[in-house]
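In the two assemblies presented below, subunit A is common to both, partnered first by subunit B and then by subunit C.
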Partner chain A sequence: MDSNEPMLLLSSRIGQIGDLGLDLLWRFLHIVVSLFHIVSGIFEAIQSYAISLGLIQKYSSVDIEKLRCLAVVLDIEVARDVAKVVELLQWLKTIGVKQVGLFDSQGLLKKSKDMILEMVPGSTLLQETGEKDISPDRKEGIAIEFISSSDNKEAVVKAANILLKRHLKTSHPEKDEGNNVFTESHLNEALRVVGENVHVPDLMLVYGPVRSHLGFPAWRLRYTEIVHMGSLKYMRYGSLLKAIHKFTGVRQNYGV
Partner chain B sequence: MREHVGKSSKLFNGFTSIMRRFIFKVLCVGPIPNHISFIMDGNRRFAKKHNLQGPDAGHRAGFVSVTYVLQYCQEIGVPYVTLYAFGIDNFKREPEEVKCMMDLMLEKIELTIDQAISGNLKDLKVIFAGDLNLLNERLKVAAQSLMELTEQNRGLVAVVIVAYSTSHEIVQAIRESCVRKCVDGDSPLVLEMSDVEECMYTSIVPDPDLVIRSGGIDRLSNFMTWQSSRSLLHTTAALWPELGLWHLVWAILKFQRMHDYLQKKKKQKLD
Partner chain C sequence: MLSLLCCFMSLLSFLIHSCLRPWTQAKKSLKDEKEIDEGTYVAGEEETPKGLLREQMPRHVAVIMDGNRRWAERAGLLTSQGHEAGAKRLIEFAELCFKLGIETVSAFAFSTENWGRHKIEVNCLMSLFQRYLKSKIQFFQSEEIRVSVIGNLEKIPESLLGTIKETEEATKRYKKKHLILAIDYSGRFDILHACKSIVKKSQQGLIREEDVDQTLFERELLTKCTEFPSPDLLIRTSGEQRISNFLLWQLAYTELFFSPVLWPDFDKDRVIEALVSYQRRERRFGCRI
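Coming up: the complex of A and B.
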């Protein structure tokens, strides 16, 4: 027994040194990754300033007609900075974006919507009006929609309950498979009844630490291009223009 | 000469295996995603890029990637992996291509069944999720057999998503939950979120922590948009058959960098 103890102690020490070595290697790996991100961030910033100054010809014109509906997802920490949100909306209006959905999971922007609409000249609240209602004064302005997590799963469940009520009206609901009630178009219609916009954004810009849609309405997110823009605090006009320009060059197959 | 080449090749493979395991050991010092989803895009472009002949050539190359990715995830210790193999929109492709893809899936499932029977699957559990009624009978039966054969395995859970789209999943989940409500006379006739979610095709796995899309495309293409509210979405320019060890390691390193933030988001009031 006694002769085993030094061996056990030694192997334990070796194990600890091994773990420490792995830990150091892991930290070193992450330092290298962070350096990579810093360097690529610097290059992106330089490119962005060059685009803002009009030095890169490619970005001087953007076919904005291709972008019918834009979504902007904001982390709740950045959504509190209303001044920055207003600045972003003004940039979007300058670029020619006509319709934007602002999303934050907690609905902070919804609470500030009156202030935001007042601070962005020519902005209107987007209603669920469909494609036909384009009044002349709206052509120059920007229509803003305010979205939160309550418009995601909760809204789908409310719409599901509408479909359930319709299904119950069939003569034998427990036997009926519901082929006339449960279709994508019926769900679309039910979502409109509960006050939801069902238009699918073409492009989504995510302002926050990570590329994640943070609970944007799943029903609307199907074919949306999702671009991570980084921090709202350090947002750059050139990066915004680049993201929109890149989108206009995208070709979708829709799985075909 | 051949023997010499064979020995060198074995040595090299042994060396790369040791190196790979060492890299994974370092990676595992940090948090590992509980569930990684893969959108396997780029097979057709790969075939075009390399002038491969045949409508399923790219997809065959893609299957090789699947085996490597599953092996790597198993070695790293990722508990759940989801593979988006075939979407409902893909049925709109040329009939010949769709048939080729279905035949290829059947071939690979039957191959995997043989491996399961001979005990070569290393405790892998395979589940097929999606609207399996849209598949042909033979494929459906084969998928069912593979699921039954691997049901008791307790290793990596590989969920193969076929005949799927989020919009279809949501509608079918609503339909199923409504029908269940009607049949169950005891509970009140009001749907809760849990009623809908438990009827979803992907209710068998937790929400993904990391969604990796190959092929350089920046969208989810109607894949798990309901389940990915708190997921890190990662796109790699590599086409699916080109996806390798370093692409996976890079994605996991990115996940580790953002882990604290993603955990914070999960703890906040969810949708």
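Coming up: the complex of A and C.
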């Protein structure tokens, strides 16, 4: 028994040294990873500023024609910072975006729409218009649509009610299962009747801490590219341009 | 490239820590066998990995399994082999999710738009679904996994339809684990289907026009087969960042996790990465906290 004690003590000491070593290794790894994230964050910031200054050739010309409709989703806390929202819209106008749907779930931006339209030169409120209605004045400007959660499920339910009423008015509603009334184009039409825009955004930028579209009108989201941009407070022009540029390079198969 | 490197570094640190943990735990257990490491919950089925909290697991995880064809191309295999690998990965994914305490898993197996693919590929997929469902009925029963299939189902072969009904019937009594397969599914079709269902019920006198609201509408969607129709987390693999007509109505406040990894390569570590990312986020469901 006594002869085992030094061995046990040695084993215990080795174990303690081993624990310390592992602990140091783990902490060292944390430092390495943290440094890596810091460096990559700094690199991204520098790249963003370089893009803003037009130093990176790749981003100096963006094929904006491919982006017919842009959606911007703002977290409710972020949407309160109207000055930042206006700045974002001005940047989008500079890039050449023609149509923007601004969404926040509670409709805060809807309430401030007059002020926002006033503060963004050349901006107009997007109405439900066809392409031919675009006036020459709007060519240089930006059309803004203000959207909230009430334009999502509530609107679809209202549209469904319209279709239901229409169906019940047909001469033999009991024979017709609704296949002639409930098609995608009928629902589109009914959504327009309740005042909704049915244009499908090509790209959605999400600003805020959450990676979710926060209740943006579901009917319109079929093939929309979704990009999380992070905080609106620390938004960068370069990051915005980079996201749009990346979108223009995306190739969709649409399931085929 | 940078984001890939960041992912790699985070994964590497996680892996090393996972490897070191058993060794350090073994050392601790020599002193006190009953000691429980903080942050780890021995749940009975699968020990919750470090960094994850059992009580913050999503109840419903949805997945868009993208990348089978590209995976097969990169591996020098046939497209059908890519889809086989994808099917195998789905079963592993679902198994892992259930072991971690996630109750519902939805998978986008075949979209309405996929009918536009080459006929041979479509036939291969239909055959794969049938083979897999048939061969896994016993597995679903032994694991007590309820299987539901949602979608249009009008165009799918009769034989597959029969297998689907057989599988659903054989597993309908299980409550705790639910695997939902979306075959010939379209989010827009789901919404229109709900409209038609409301019309039928209205004709039968079961509902009145004024009863039609969001709650009633949601009960008519194809996801009415589950208690939790809205996923807490949606994972899409292969780097594409869109919903592609999957669960449009149901995804309003779902956390979106886009992974650059191709679906057949989306292994346990990737799943845990997605869940860790989910648990770190602050969900507000559109309200102010």
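Annotations for the structure displayed:
The rule we apply is simple: the second predicted complex is superposed on the first by the 211 of 256 C-alpha atoms of A that agree within 3 Å, B and C clash if a C-alpha of one lies under 4 Å from a C-alpha of the other, contacts with A are read in each partner's own complex, and residues count from 1 in each chain.
Basically, a residue touches a chain if its C-beta (ideal position, glycine included) is under 8 Å from a C-beta of that chain, and two chains touch if they have at least 3 such contacts.
Only a predicted model underlies this, so the values are computations on that prediction, with no experimental measurement involved.
Looking at the shared chain after the overlay, A:L29 reaches both subunit B and subunit C.
When both complexes are overlaid on chain A, the residue A:N161 reaches subunit B and subunit C alike.
Applying the stated contact rule after C-alpha superposition, one finds that A:S231 touches neither subunit B nor subunit C.
In the superposed pair of complexes, A:S40 makes contact with subunit C only, with no contact to subunit B. In the superposed pair of complexes, A:N152 makes contact with subunit B and with subunit C alike.
With the contact threshold set out at the top, residues 22, 25-26, 29-30, 33, 76, 105-106, 149, 152-154, 156-157, 160-161, 163-164, 167-168, 173-174, 177-178, 181-184, 187, 209-215, 218-219, 221-227, 252, 254-256 of subunit A are in contact with subunit B in one structure and with subunit C in the other.
Contact residues of subunit A toward subunit C in the complex are 15, 18-19, 22, 25-26, 29-30, 32-33, 36-37, 40, 43-44, 75-77, 105-106, 149, 152-154, 156-157, 160-161, 163-165, 167-168, 173-174, 177-179, 181-184, 187, 209-216, 218-219, 221-228, 252, 254-256. Within the complex formed with subunit B, the residues of subunit A that make contact are 22-23, 25-26, 29-30, 33-34, 76, 105-106, 149-150, 152-154, 156-157, 160-161, 163-164, 167-168, 173-174, 176-178, 181-184, 187, 209-215, 218-219, 221-227, 250, 252, 254-256.
Here subunit B touches subunit A in the complex through residues 25-27, 29-30, 87-90, 92-93, 165-168, 170-172, 174-175, 177-179, 181-183, 189-193, 196, 218-222, 225-226, 228-234, 253-254, 256-258, 261-262, 265, 268-271, going by the rule given at the top. Within the complex formed with subunit A, the subunit C residues making contact are 2, 5-6, 9-10, 12-13, 16-17, 20, 23-24, 27, 111-114, 116-117, 187-188, 191-192, 194-196, 198-200, 202-203, 209, 212-214, 217, 241-245, 248-249, 251-258, 281-284, 286-288.
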